[in-house]
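Look at the two complexes coming up: chain A is in both, with chain B in one and chain C in the other.
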Partner chain A sequence: MSRVIFPLIVVLVLIAIPILGVKVAGLHLLFGVVIPYVAFAIFILGFIWRVIYWAQSPVPFRIPTTAGQQRSLPWFKQSRWDNPFTTGEVIVRMALEVLCFRSLFRNKRIDFRQLPDGTPILRYSPTKWLWAFALLFHWSFLIILIRHIRLATVPIPGPIEFLDHLDAIFEIGLPQLYLTDLTILAGLLFLLCRRLFIPQLRYISLPADYFPLFLIISIVCSGMLMRYFLRTDIVGVKELVMGLVSFHPHAPVKDIGTIFFVHIFLVSCLFAYFPFSKLMHMGGVFLSPTRNLANNSRYKRHINPWNYPVKTHPYEEYEEEFREFMKQAGIPVEKE
Partner chain B sequence: MAAKTPKPQELLQIDHRPPREWWMDRKVVFKPGTWCYAGRPENVKALDLPFPREWSPDEEDWKLPDNWKEIVLETFRDRLHKFRSLKVFMDICVRCGACADKCHYFIGSGDPKNMPVLRAELLRSIYRGEFTKAGQILGRLAGGRKLTYDVIKEWFYYFFQCTECRRCSVFCPYGIDTAEITMIARELLLEIGININWIMGPVANSFRTGNHMGLLPHTFKDNIEFLCEDIYDITGIKIEPTFNRKGAEILFITPSADVFAEPGIYTCMGYLLLFHYLDLDYTWSTYASEGGNFGLFTSHEMMKRLNAKMYAEAKRLGVKWILGGECGHMWRVIHQYMNTLNGPADFLEVPVSPITGTRFEHAKATKMIHILEFISDLIYHDKLNLDPSRNDHLVVTHHDSCNPVRAMGFIQEPRHVIKSVCNNFYEMPENTIYAETFCCGSGAGLNTDEFMEMRMRGGLPRANAVDYVHKKYGVNRMTAICAIDRAVLPTLMNYWVPGVSISGVCELVGNALVMPGEKPRDIDLRQEPLVRPTAEMPSEDESDV
Partner chain C sequence: MYDADKIIPGLIVFLIIVLFPYYYTMGRMVPAPKPIKPTKYKKCVEPLSYMRAAHMDILDAWRDEVVRHEKRVYVSSTGKEWDMSLQNECLRCHDNKAKFCDRCHNYLGVKPYCWDCHFEPNKIKELPHKMMTKETM
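Right, the complex of A and B next:
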């Protein structure tokens, strides 16, 4: 249980810190400027460091997982996206993987039962829940992130404005309700609930699996509180953010609202945590050798940079040991 | 001796719900039937591998070297440095659980550490606990733990309960490949003298004699000549294959089990008939007399040491290209590793079929093609006189072997050939074939008798799919293009689905191929009558469903 409680407590503490820091200690500059800068720097440098760390190790062998027909003879139709042969086909495979979660789409559930006479029955049925909600969560997150650009630009670029309108297309309430606010919450709650309530999932889950969920849920909630309920000074927020992105930061206005500091602090935590966590699957998926390589190793030689000579058992030694047997059996030999 | 294998009904008491105690708290219990015997010191010594000694996994003391911990951590660091796959797979798993119920061992045993995600976490937890700051400081809260003696035992138990079949990798959103993790974990264990004899034995044999069975050159030749005598009895055709012949156009290499053991020998008779029919200018080699490569299950280095024989022999004999028989992991090695490890094969030519003139462009670098690619081309160009009705006594299904499918994409080739040589072919349910095929449960060097309980558990998903077509269509023969399959599936079928026999695809080709000058064929290559036995119709089996 501590695997759930511990990360929950950490997130609660993280929420308390800016409240105390801003309300009690009045550290507006620290929470509004310094911490966001530091967190963002950690994110960028950490991300680059992690990718370089991965890239420092070579890919010695060409080991794609082939999930469809290979390219061999012309009368067999190659599964180009599941078994790519060219770089172009690999790019499509990767795009489908990254944008549509193609592998997750394949997910099947097992159904194991026994007939009254004891005969075992194993059946597999497609299950799309994880795929659907994972997709919902990730796309919502991306759209929300892009939408936030409006706080950091003057004038707001057309596409961002358009996305913003699209997201609030139902024009419910004032300020208008963003669809992605609901969908990201739905995605997050689904992902959390399956971890909590599916026994196998709970068994494999680590604190590091719950922590990002709690953290992002808190971020979403603080954002929604700020927009729909507690109403912050949006002009003050925009001024602050503009200052940050133009590298002319200034101390935030005092009455900007504590909830804003909670939000930006939690976001800072997420950014700073990102490069050192499983969230790096975002970068790692591009480097996965079972997905990002073409299955053409018989067509083109793949080079292993550390391929070293090994001790083999050469033919000469073999013949030396078995020459008499070979001669008697009429098998040709090198030395008579 | 090996433990008595439980009856199917006992074995079916499978609970997929995890136990109360968390996995990091649970110690491995070495129950007979679920682990393999340790490598014999003489085999380990013959290969110059570290720490040959007498030891047994079920004993308390594994007689590890004093500095085992340093060796393991040092090797772990080295492999992280050498394999980007390992680094990335250690870092990016989100434990979404999509892989959990994809492993045949988990399905058949319910043991949570057979979920691919936990199998990998066995290694990842040490990676975090020993190599990352968070894991060193926070320990379990950061998902880390220290490397202990018990962890080594756990690694041994579970990394020799993985057949490196890659099924989980198909479903993983990041393509995390447990086969890769298991291969490297086994390398870590190998460095402190932990290995199993069912792998060490064949590897030592293969290194010295050229094949897993340890057949000496004259015996290897004798065995094939015995098969030729059987062929003569069945067909009246006299075949005289050549061995180690310089100047042949093609070198043919197949798993030695095809030469030696039932039912592989019937597949081998298929090869021999076909080559004779085509009057192919080819030779066998007694030196490179093994297609399989248990080095793959030992270490990348050992894979290279054994695989080196193929190109070396092709060069010595001066052949133009290499033709490979039906084998699973052999083809993973050839397709994904051989040219990288032991190439470039610039002394060979791009494979060209001497009969059809087809240039096998897709194999132009490795210069080795699969016998079914070769036969499919012959059939496509109508070069074979086939009588599929000579397989009418068989109702056939096809088992996609893990490696050819998931490490190559070899799906339609066997089907094209099978459908051309027999009239009754039925697919198993769709989630159990093609890229989602289930392992035989005995791959990656685990096809040994003392491991029987786990083999039967791991083979359950495959067997259950066979059971479906057996009852529905009366399937009585399953083809498999893998020598391990041919060795282990008969046992699996006897256990779960009696009444289904196993063969390679080329056995069916051998049955159907109308040889010029043959005598009337009334028996198949197994010397069984060519009439469809009515007793094997499905009615009986279905009566109680």
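Right, the complex of A and C next:
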């Protein structure tokens, strides 16, 4: 249970830090400018470091354990998106994986049950819950991130404004309710509950699995609190953010609201934590060898990059070297 | 490093995406919007800091009170009574939508639907004469 409690306490401490820092110590500049800059720099540099670190590992072999028929003789129908042969087909498979989570869609569950007459049966049934809620969470998160660009650009690009409008299409309440706020919460709660309530998953879940969930849940909650319940001076917030992105940072307006500092501090934590955690699957998914390599081992020779030059001594050379001795010993030679 | 021909372009795409606000702004200073405040009147319905952050709450509550309960008088936190009306009360002092409302709303990309039904102060004169009832004034 401490694997759940510990990350929860960490997140609660992370929430308390900006409250104390801003309300008691008055460190507006630290929490509004310095920490966001540092966190973003860690994110960018850490991300690049991580990817380059991964790229140190050679991937010499195509891994053909993919679903579907590989390209073979012309009368076998190739399964193009599952077992791609060309780069174009690989791009389609990657797009399906990154945008639609195709491999999660194939998630199967081992189902052990008994027929009415008592015969035990084992079957593999498809289970789509994880796929559905993972998709819901990730897409909501992406849309939320994109529409936050409205706070970091002047003038706001048309597509961003359109997305913002689309997200609040039902015009519920004032400020209008964003649909992604609800869907991301639904997705997060599902992902958390599945770890908490499925015994096998709880057994394999680590603090590093719960921490990002708690952190993102608190980011969403602080953002929703700020938008729908505790008001902040949003013009002051945008002024601050514009100062950051234009490299003319200035201290935030004083009455900007503590909840804003909680929000931006938690986001800073997420960004700084990102490159060193499982969240790097954002970059890692593009480097999955089972997804991004074409299954063309039977058509193209892939040379192992760490092959060292092997010293060979073929028979011709051998005979050249020992011909005289061989002749003396009466061993037949090929060349006289 | 292996596969640099794919890793490096991938990282460049990553940077192009995440650094978007930075190169979009290009270090140019963007002044904060300065809405023109009314000169004749000193005090708004509620204190300035509250109005700045939460005026939409008041407008939303007023609309519901008037439309659903026909209640038209708002008693502020200081005990003063106000007519619950965007056009007759708010716009009496804030008589320039473009220089007051729009400045911050455009800055933040907010498009309130107030003006789907209400008229801007200076647009009222353009209305046909018959529509100029007391309610629309």
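Heads up, the rule we're going with is that the second predicted complex is superposed on the first by the 299 of 336 C-alpha atoms of A that agree within 3 Å, B and C clash if a C-alpha of one lies under 4 Å from a C-alpha of the other, contacts with A are read in each partner's own complex, and residues count from 1 in each chain.
Convention: contacts are C-beta pairs under 8 Å (C-beta built on N, C-alpha and C of every residue); 3 or more make two chains touch, one makes a residue touch a chain.
Predicted model, so just to flag it, every value in this text is computed and none were measured.
Visitor: If you stack the two complexes on chain A, which partner ends up touching A:His248: first (chain B), second (chain C), both, or neither?
Guide: second
Visitor: Once the structures are superposed on A, label A:Ile303 by its partner contacts, choosing first (chain B), second (chain C), both or neither.
Guide: Touch partner of A:Ile303: chain B, not chain C.
Visitor: In the overlaid three-chain picture, which partner chain does A:Thr86 touch, first (chain B) or second (chain C), both, or neither?
Guide: neither
Visitor: Once chain A of both complexes is superposed, is A:Arg291 in touch with chain B (first), chain C (second), both, or neither?
Guide: Touch partner of A:Arg291: chain B, not chain C.
Visitor: In the superposed arrangement, does A:Ser57 touch chain B (first), chain C (second), both or neither?
Guide: In the superposition, A:Ser57 contacts both chain B and chain C.
Visitor: According to the contact criterion defined above, which of chain B and chain C contacts more residues of chain A?
Guide: Between chain B and chain C, B touches the greater number of residues in chain A.
Visitor: Going by the contact definition given at the top, which residues of chain A touch chain B in one complex and chain C in the other?
Guide: 55-59
Visitor: Flag every residue of chain B that touches chain A in the complex, lowest number first.
Guide: Residues 8-9, 12, 14, 16-18, 22-23, 48, 80-89, 91-98, 100-102, 107, 112, 115, 117-118, 121, 134, 141-143, 166, 169-177, 180, 207-210, 216-218, 221-222, 243-246, 286-287, 300-301, 304-305, 308-309, 312-313, 316, 334-337, 339-341, 343-344, 358, 360-366, 368, 373, 376-377, 380, 405-413, 416, 429, 431-432, 434-436, 460-461, 464-465, 467, 544-545 of chain B touch chain A in their complex.
Visitor: Per the contact definition, I'd like the list of chain C residues that touch chain A in the complex.
Guide: Those in contact with chain A are residues 1-4, 7, 10-11, 14-15, 18-22, 24-30, 32-33, 49, 52-54, 56-57, 59-60, 104, 107-113.
Visitor: Enumerate the contact residues on chain A facing chain B in the complex.
Guide: Touch list, chain A to chain B: 2, 6, 50, 53-63, 65-73, 75-79, 82-83, 85, 97, 101, 103-104, 106-110, 112, 114-115, 117-124, 130, 134, 194, 198-209, 276, 278, 280-281, 284-285, 287-291, 295-304, 306-307, 310-315, 318-319, 321-322, 325-326, 328-332.
Visitor: Residue numbers of chain A touching chain C in their complex, please.
Guide: Within the complex, chain A contacts chain C at residues 43-44, 47-48, 51-52, 55-59, 149-154, 156-157, 160-161, 164-165, 171, 173-175, 231-235, 238-239, 242, 245-248, 255, 257, 283, 286, 305.
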